[in-house]
Amino acid sequence: MRSSPNRGFASDNAAGIHPRLLDAILQANEGHALAYGEDPFTARALSAFERTFGEGTKAFLVFNGTAANVLALQCLVRPHEAVLCASHAHIQVDECGAPERFLGSKLIPIATGQDGKLTPELIERQLRGIGDQHRVQPRAISISQTTEVGTVYRPEEIRALSSLARSRGLLLHMDGARLSNAAAALGVALAEASLGCGVDALSFGGTKIGLLAGEAVVLRDGAGEAASELRFQRKQAMQLASKMRFVSAQFEALLSGELWKEIALHANAMAALLAEKARSVPGVRVSRPVEANAVFALLPSRSVEEARREHFFHVVAELPEQGLSEARWMTAFDTRPDEIEAFVARLRELLAAER
Amino acid sequence: MRSSPNRGFASDNAAGIHPRLLDAILQANEGHALAYGEDPFTARALSAFERTFGEGTKAFLVFNGTAANVLALQCLVRPHEAVLCASHAHIQVDECGAPERFLGSKLIPIATGQDGKLTPELIERQLRGIGDQHRVQPRAISISQTTEVGTVYRPEEIRALSSLARSRGLLLHMDGARLSNAAAALGVALAEASLGCGVDALSFGGTKIGLLAGEAVVLRDGAGEAASELRFQRKQAMQLASKMRFVSAQFEALLSGELWKEIALHANAMAALLAEKARSVPGVRVSRPVEANAVFALLPSRSVEEARREHFFHVVAELPEQGLSEARWMTAFDTRPDEIEAFVARLRELLAAER
Amino acid sequence: MRSSPNRGFASDNAAGIHPRLLDAILQANEGHALAYGEDPFTARALSAFERTFGEGTKAFLVFNGTAANVLALQCLVRPHEAVLCASHAHIQVDECGAPERFLGSKLIPIATGQDGKLTPELIERQLRGIGDQHRVQPRAISISQTTEVGTVYRPEEIRALSSLARSRGLLLHMDGARLSNAAAALGVALAEASLGCGVDALSFGGTKIGLLAGEAVVLRDGAGEAASELRFQRKQAMQLASKMRFVSAQFEALLSGELWKEIALHANAMAALLAEKARSVPGVRVSRPVEANAVFALLPSRSVEEARREHFFHVVAELPEQGLSEARWMTAFDTRPDEIEAFVARLRELLAAER
Amino acid sequence: MRSSPNRGFASDNAAGIHPRLLDAILQANEGHALAYGEDPFTARALSAFERTFGEGTKAFLVFNGTAANVLALQCLVRPHEAVLCASHAHIQVDECGAPERFLGSKLIPIATGQDGKLTPELIERQLRGIGDQHRVQPRAISISQTTEVGTVYRPEEIRALSSLARSRGLLLHMDGARLSNAAAALGVALAEASLGCGVDALSFGGTKIGLLAGEAVVLRDGAGEAASELRFQRKQAMQLASKMRFVSAQFEALLSGELWKEIALHANAMAALLAEKARSVPGVRVSRPVEANAVFALLPSRSVEEARREHFFHVVAELPEQGLSEARWMTAFDTRPDEIEAFVARLRELLAAER
């Protein structure tokens, strides 16, 4: 256990609850409401989702991102069918095998370029053994928006994948744990960065954009049986909240008046600022395109421990031959310019001392 | 969807967040804290759990009761082993098959008496086919405290089951979604109504006693490998909260200063009052012992719809031959005597009109 | 381990390989043949299945009956959907939880009358909680032909169940481990006692009618996606035989020239003879209708051990208050009248001595 | 479906039943024997296994290789634990996701060198994220003996892996579908090429060495709980044969008098001959070390179709830039030198024509 790092860059889920989302919780805490989503807050939230993602789309609220991913994929694959994903995808490396356990399906990891994105070409190469009863059958493509390296799929990139999927009998899943940041970065609506481009099932993130907890599976219009089964699958997956009104109220607040965009634009701007400042520090090299609210940077391994003493962050890779570590700095709704200044000043100091 | 029933008797999870637990959330919403339980709130909550349930016991926080049950059972059974439970147990009838799905195990439902309790005799009759490779092997007994019909296992009843379990190579699980109400009813500490009587794995309920959301799996001292595996199983079961501090802070508040008891005593007293008043209404018959915060009552089916218009409640059984319905009235931390008065007056009025 | 009981009544799978089925194995053992069903024997067997069960039906060969049942059910239910079956059904009590493990689904056991059969009325009573997300959703009815107590569903009984199923959105599975015996008893073709009466998925038994090993899942015409997925599910279920030609060759022999009927008629006749003779023994009471190749009988518990010393059989129930045991005597393709005479004589002797 | 290829090199499981194993079946087909392994043939077979693999080892017979692998791994891993295997391992690419489905576990594929073998160095690199609750925990190493490219692990190579496993808290599985060929190639006993080198759980292949069907899971001495659970898991995995005597009788014959070695030495010798002859054909390049009964060779893609018209074989890889295909030629107990001569002559002719 680590003593509470005030104001670090560990993750956007190290931030707390956004004040306006907390307000929504407080306002929902009046009197009784039927449990398990039979309440007016949930009804309004689901309407807000449908307005946001398009008529006929259907949202299902769950507790966390792993569950949203697993349940979204449950709508797309049967156990003998496989999910194609980036080799560093959250579902592949950070969910302790939840997809395999719950779906019974195999994940097929695909190495990507430095931008962390899947492409039609990368997918095509994996479409082998179709119809061979000894092989799992590729069925879903899963992409992350933003990607795990902080980049953003442009709508045309998603459409290219979706188009390939259609032509090859595949379905497209998007892990949108940070979809808000992606849409804000692209300057488009949430739907335009996701379902609108041919995504079949979306995991839409709430927690990392400021909720206490809460994610949603959103299915495209016309999802049919998958949509009617998902209510039961959600319960069977241990993801049906009894006091759902509190999750719902937050989502209603997030989607109304574009609070999601306001938060995301701020976090993205802070990442841009951090990247800009960090680039000016000798010895620091920003290692990935900075497109949303993540900054990846290489810095001397020796200075890492000291650097994160006051502003905690995660190290995602080690390059021992070069003596470098790759840090990931995430910004959130409450990241402040003065923290960035202080952090970068500290970095500069540490790296100067090291020379 | 049902319009928000102000102040009904639908369920204790139709109540909102208890003010002091909400305070705990507000206070935890300061600055950043590492995600996934690496925060000081969680450390303090886990200490509070250990103080509450005994040295060496280990708590694991999860989102909801279904998950707590499934993960507690995961610590006790392998897929070819069966769980013995009451035929009306929550795990058997209200979790949409989550135990079968996640554990791969069979549940063996056992019909109980009117008090809803399992007994050593009822268990013994099911211990057949031991060692027969064609049969699932009974391995865990699961009891609910309070039971699904609102009764409370006395410590000696739990110890009798635990003693049977020990002698027959079985393990004992308790679904303690309402353990607080049970312990308050018994006038004992939480441990004395659960782990202290030989329970191996406990699902301890937070949501129904006033949390926004949050339950815990608590394993007895010496749980060994099960305890070390549970961290991973929790993640694989999609139950690892990223902003865990908010669940933890509530539990710390619940367990400190005996807030759980204060809340439970109130809810239990309200149920006793409701039962007493209801018994005085001609045409209403309280159908189960009222020991905690649930009142079950038979009333004419014709009056049910009208009766629950203002104070919503659930009907759990229909006796069409007798024209009766069995209602379940639950009380919560915020149930008020004046609501009970109003509800019972309304019942009296309706049933009088009917004669 | 039990020393080889020459000629007992333990089970029809205690018999060996029928000589003409063994011949089929020998004839198939010429040269090489592609593995996994890509061989001419399998092609011919599948044609024989389609001729037997009707145009458009599709057969998939597997190793054993548990697998046939599980895979047939896999075609009918999703994990949140339940299977309704007799409380003594093989899938419920004799498969060590394989359905729960592989399907993730709940089985709902239903107590039947003395004839061991499910009826529309018994099914109707279980159709509760439809659409309630907390409840598993009844989806498949599973019946056994013959039943576990040796009785035979008449075509109109199956059609009544199938008709109920159609009207309530359910599907019908038949565990036909002894379908040959049933059809022979009814004097109808295999299809008329199964798929032809509205069964959606059939487990067709080979082993108990004389194969070395081999069962088939047969899906009704128009099974659509289930049929195209079953090839993969079979492999994933570890049921794809590499030297499939040997299973196929036996099935071809069984289905051609009505060998199945010849075998079944013999076994059924032997059971009828055994029942007739046994009824004449004072102290023995035949306890179930004898309709195919099983005889159930009550006899004094004290004589059981001695009785099965020479002709082994299983005891399926004990009635300690009455000092009785219920024995199950199965006949097979190689049961001989003289064995029956000897066995019944021995019974008579033992029971006389006891008086 | 392919018309029966007389005498090809498709696979060792395209061969039929070895005459002496068929004899064993015929001899076992006398009278009745209790089902499910309660027969004297099985008792003798299990003794033969213990004699072969060492005192205290325990064998469990199953139908096929996929099942043997999945059940052996079931003894070693829990669902949150991962299996490390070669990226071309049978469990990874040829079992349609059976391990993920039945175990709920993730497989971690590792690219190997040209010899297809895992090494301690390759394993070490994957031992990341130990103790991190977001990551599956590496727990079992699975190697194939012979490997999928026909090479053979030498005892010291296995011991090196086993030693690494011991020191890192891992367990070692061997997919010994062709263990007989490997041991014969090494000139050692079966145990010396497997369990004797520190393997914890072995899948021992019968089908590819000449059985009609049958494989075994063999657990090392001291396997404890895993061994006592495996009887139930086998049934739950749909792998308990009712007429087990016929599988057992074949294994008894295979292990007695070293029939396994006789068969393997012949097949290996035929592969050596085929490799030698093929190397002399201009345009053919043997691409992998020929150590057991498989020959991998590169040949012009244009000649493949014609080449396998008379002697069928599989193509395992295509190198379109070079116009080459990699063929896999397997030999079996019944491969004859004259077939090899004929096949190589045909190859020579085809390739000469092509120039």
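General remarks:
Letters A, B, C and D mark the chains as written, and numbering starts fresh at 1 in each.
The rule is simple: contacts are C-beta pairs under 8 Å (C-beta built on N, C-alpha and C of every residue); 3 or more make two chains touch, one makes a residue touch a chain.
Since this is a predicted model, take the numbers as computed values, not measurements.
Within the list B-C, A-B or C-D, A-D finds its counterpart interface, over half of the contact pairs alike by residue number, in B-C. Of all chains, the one whose CA centroid is most distant from that of chain D is B.
A straight line joining the Cα centres of chain B and chain C is 42 Å long.
Centres computed as Cα averages put chain A at a distance of 33 Å from chain B. Per-chain Cα centroids separate chain B from chain D by 51 Å. Residues of chain C in contact with at least two other chains: 79-80, 95-97, 101, 104, 133-134, 136, 232, 235-236, 240. Of all the residues in chain B, the ones that touch chain D in their complex are 36, 78-80, 104, 133-134, 136-137, 229, 231-236, 240. Chain D meets chain C in the complex at residues 1-8, 10-11, 13-17, 22, 25-26, 28-35, 38-40, 42-43, 63-67, 70, 95-98, 101-102, 207-208, 212-213, 232, 235-243, 245-246, 312, 332, 334.
Every residue of chain B that touches chain C in the complex is listed here, in rising order: 79-80, 82, 93-97, 100-101, 104-107, 133-136.
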